[in-house]
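Step one of this worksheet: look at the structure below.
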Amino acid sequence: MLYFSCDYAEGCHPKVLEALTESNLVSTPGYGEDKYCAEAKKKIRDYIKCPNADIYFLVGGTQTNQVVIDSMLSNYDGVVAAATGHVACHEAGAIEYSGHKVITLPAHEGKIDAAELKDMLETHYADDSYEHMVNPGMVYISYPTEYGTLYSRSELEAVSSICKEYDIPLFIDGARLAYGLAAQDELTMADIASFADVFYIGGTKVGALFGEAVVFTKGNTPKHMITQIKQHGALLAKGRLLGVQFGALFTDDLYMEMGRHAISQATIIREDLRQKGYQLFMENPTNQIFVVMENEALKTFGEKVAYGFWEKYDNSHTVIRIATSWATSDEAVNALKMIL
Amino acid sequence: MLYFSCDYAEGCHPKVLEALTESNLVSTPGYGEDKYCAEAKKKIRDYIKCPNADIYFLVGGTQTNQVVIDSMLSNYDGVVAAATGHVACHEAGAIEYSGHKVITLPAHEGKIDAAELKDMLETHYADDSYEHMVNPGMVYISYPTEYGTLYSRSELEAVSSICKEYDIPLFIDGARLAYGLAAQDELTMADIASFADVFYIGGTKVGALFGEAVVFTKGNTPKHMITQIKQHGALLAKGRLLGVQFGALFTDDLYMEMGRHAISQATIIREDLRQKGYQLFMENPTNQIFVVMENEALKTFGEKVAYGFWEKYDNSHTVIRIATSWATSDEAVNALKMIL
Amino acid sequence: MLYFSCDYAEGCHPKVLEALTESNLVSTPGYGEDKYCAEAKKKIRDYIKCPNADIYFLVGGTQTNQVVIDSMLSNYDGVVAAATGHVACHEAGAIEYSGHKVITLPAHEGKIDAAELKDMLETHYADDSYEHMVNPGMVYISYPTEYGTLYSRSELEAVSSICKEYDIPLFIDGARLAYGLAAQDELTMADIASFADVFYIGGTKVGALFGEAVVFTKGNTPKHMITQIKQHGALLAKGRLLGVQFGALFTDDLYMEMGRHAISQATIIREDLRQKGYQLFMENPTNQIFVVMENEALKTFGEKVAYGFWEKYDNSHTVIRIATSWATSDEAVNALKMIL
Amino acid sequence: MLYFSCDYAEGCHPKVLEALTESNLVSTPGYGEDKYCAEAKKKIRDYIKCPNADIYFLVGGTQTNQVVIDSMLSNYDGVVAAATGHVACHEAGAIEYSGHKVITLPAHEGKIDAAELKDMLETHYADDSYEHMVNPGMVYISYPTEYGTLYSRSELEAVSSICKEYDIPLFIDGARLAYGLAAQDELTMADIASFADVFYIGGTKVGALFGEAVVFTKGNTPKHMITQIKQHGALLAKGRLLGVQFGALFTDDLYMEMGRHAISQATIIREDLRQKGYQLFMENPTNQIFVVMENEALKTFGEKVAYGFWEKYDNSHTVIRIATSWATSDEAVNALKMIL
């Protein structure tokens, strides 16, 4: 069986495993107060050219979104997101569970539109009864989006500029950050850090066993952050595991190298699909490929390839997701091409 | 200044005040364990022809929605509502505050469509990753809706039938129930009780100082209901005040009499608006009238009449709300007609 | 049946009812934006000699505690209270429901001890793992306490001073404030306002149908306070009812007059109990009297007098509460003396 | 520096690392739906002789306590725990954050007393106003306790029996379960499973990188458990990591072997401390040793040994914790003895 269902089907990149193995029996303090975490934070700060960035390592994506949003918002705040945003639909209500509404904007291939954001904010504050409504207290976007699309530099500038105008923090979910950065050449991770008030660098989907690095870029860390993380059940006892892994990810450009690898494999597959006349559900340049498949053909396909169900297209077709990752081998890509 | 901005601008109907005055110095137990509450509950049970109905009196509408939804849902459940539903937009996130997502369906003149509800539920459970999504655990509709429109009997039957099919309780918000029932002749309050798993009879907007009567119609009262009400800060110490008021509302058909009065006044105004060529923003038969006004004209109008701002129509027009109530006098209606 | 079970067994003081009756058919804006609320706030500000006090009217005590505590605390904060404090044991978990721990200190006849408070705070911050613990973010005391006792001026100064030292707001629950102030002569309501960062003036138990006036005394109102109140389902639609009532309570010294009346009646009863050899469970000077009664005698007593069960004393005795109020008539007191 | 500060200072047992390494590049479905999890669950079911046990793997202890308690309780429920219980004091309010009060009982060397539990429950339901109080909805104990002590079989039977009588689930926190089971010989893990309605097998402190196995023993898994785990941000994407680790822990008796090793090392140290005249703060048979140290001596000691601060004993003494684990080598024990 070929695995293309997601980008977290394997363990970790061999170099990450090597780092975990080497450090395994070293004794350290718990909860991230160890040298590995300190070193990894320094590497990230250097890489994003943000010497004052304050960094926290968490375990998973939904957890990270919940902790970041809840710790930065006040009771009366909600978070603005695309209707297709992960926080809006695939986190089992983790945001609402922590007391905050997800205020949705229309999704345009997974992205919010800056003009629509501005209009929503204007309308909100112009409404006589706005005090009876949830306050828009943060804007959440994902890069890449859940549909694998990317904000261009100018789109990101526009969203960021409106956030600044309304004094609302911009949170960028980078669960697949490497795959977004590697798929274009007008934005670096330093640019992401510059546009965002807070963002996270995804490890789970890019070569780590698990782990997301939350970066507060503007001296804006919520108070008592460790207590808040603990309160969400999100403080890893052996925090060093996150430091060790992110240390490896940010050594010798491994993080971006993995990003480039996945994009390269995705490009080959996408090209093959196009040549063979498959219909792509959505154009996007990153590691997730959305294909419209005829249901009968899909049955045969599914016997050989583990794919991701995305959504029903029509009564006889289904949208599926084919995802590459740091772990996608040339052999797997070739085998897939043979099947397609 | 003429008051047409809302249907809660005055105190209470003189008969309600009379009942409060008469009972004022009688000593009773607190928290609703008094004879007035018992009597009022009996009157309501008789009126809705539901002898086993379990009734709780609460103070206000948002409070009632929060308590009912939170006590009936489990952690993993959200509530399905029209995008324009009160719980979705004008309760400052009270539902999310209690941990539950409001799952929105498109609003059709304030109403949800049964077919769209069914489609949403089918799609939800057909989704491979539905366990990562909020479970649709209740359907919320309002009668009348926030736009003053009404579900027909067949529309209500359709929504109710889908709820039964999926074993999801149907909650009907009757903040303005009298004004809905009085505006049509195919549905009685007993019908509402029959379709709903839980509904509430609004007092605040129909002649009480405050108060909403929550009715569990199917032997489905959540456990430890008093504790849950107390936990939300919603247990009135002098609960007898609610019993006294609802007792008066359900004596000599006062509740429905007030409903008919408000509808009669609204019909006169609506007719006048039509004759004078005003554009109604939305057709509806109840006590709220939505009119498109030219902004300059509105300024003059606003000097004489307190109206409700509804929303911007376009750059030179505004949608306003004119609401009648049990308290709308013939003099006020005539004065309004002179101004229009 | 004589009613001495609690101080909220009747409706409201005749003067409050008169004010409600007079204003009943006046049309006003909703949600407290009316002239009655404005006037009542001015009267309170004058009375407590705190011209910048920011005042909000809420409906009930548990609701008020929940809204004040939740709006003033951050996620990581808990509230410190006596183990017998209302928020700690008789609010059905309303504080925890809003996400905050009640950190208890030993109760000394219902009061916390300033030295124990200081010790707790010192120990907390000296603990290496204090970041893994709830942050003490507010101190809650009640005046009078749940046991009818009173902090002396020096005790209050001591608690307040420690709060200032640790930069923690002091919240004084004044559900029965009039009964506390009337029972001693070293503290005025202006003193309470001066010691507290936030306090509330109880109306429900002192002559109103319902209502508590929350006073932020130090320019420290939480942001978006109306939104937060709404979010808790605590924003009364006809907010004017609270303004009208508090306006009456603060006219012609009515609030304190009622306080003095209740204390005077309690003193007569307490004296009678002492003369007849009853054992008082706890000495206190306010309107609640705690008496140890023999169980058999209590049965007969209970046939004639509605009393409050307090707690089991031993296998043959029970502690009961006899409460006077603004409504306790001389006839009732005399009748009670005949029965005792 | 010798590390005796805690039992989670290293990575994982070499056999666990071996299993992770071997499986590292195998592709599996996410979220625990893989063969490793299935196999590990089977091994645990066999080991605890509970073929119908329903098992979920989570990442950390506080997270596990929060998820288990919140998913098993209703809104109106609180959890009963010893005042020194982890959920009561060292989880940053994670339980209250999820809306539930921790109702504390006195701790007797970390344990609750069955008779006091019974008395609390009797008193609760006998109280006239019990509906105004949090309902005791679960009993939480830890085995071993936070003080390293153990419930005897008869103590556990007594607590379990009262829980059954009141129909309240008993939750046993086994963060250090191996260290408790290895330190006595009257209780097996199967006994724990039999007494508990739900318990967890701690991996983080016993040889895993991270991981706790929650076991529902009585067909009592909360509904939509995966959704609830996801909602708490606790669903690990690469769930197989937990399966792989617990598979290794439950192969060739590794879990208990590690338990016996830690107890053996602790016994040697404890004996040495006794011989040298140190005062043990609390007698207990497990892997945590609590010693009273003179403050000056502690300074020197702390230069060579990483210990855990426990609490201030008096002005010149401190209670410290010395913890052994699966990783404590003979060399480290001997070196510690030289320093003591």
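Quick notes on this one:
Read from first to last, the chains carry the letters A, B, C and D; within each, the first residue is number 1.
Everything below uses one rule, namely that contacts are C-beta pairs under 8 Å (C-beta built on N, C-alpha and C of every residue); 3 or more make two chains touch, one makes a residue touch a chain.
Small disclaimer: the values here were computed from a predicted structure and weren't measured.
The chains in contact with subunit C and with subunit D alike are A, B. Of the two chain pairs shown, A-B and A-C, the one joined by more C-beta contacts is A-B. Centre-to-centre separation of subunit A and subunit C, using mean CA positions: 49 Å.
Mean C-alpha positions place subunit A and subunit D at a centre distance of 33 Å.
Centroids of subunit A and subunit B (each the mean of its C-alpha atoms) stand 41 Å apart. Multi-chain contact residues of subunit B (touching two or more other chains) are listed as 75-76, 91-93, 97, 99, 131-134, 227-228, 230-231, 235. Across the interface of their complex, subunit A is touched by residues 70-71, 74-76, 99, 131-135, 223-224, 226-228, 230-231, 235 of subunit C.
Interface residues of subunit B facing subunit A in the complex, by the touch rule stated above, are 75-76, 78, 89-93, 96-97, 99-102, 123, 126-129, 131-134, 309, 311-312.
Across the complex, subunit B is touched by residues 1, 3, 5-6, 8-12, 14, 17, 20-21, 23-30, 59-67, 91-94, 97, 204-205, 209-210, 227-228, 230-238, 240-241, 306, 327 of subunit C.
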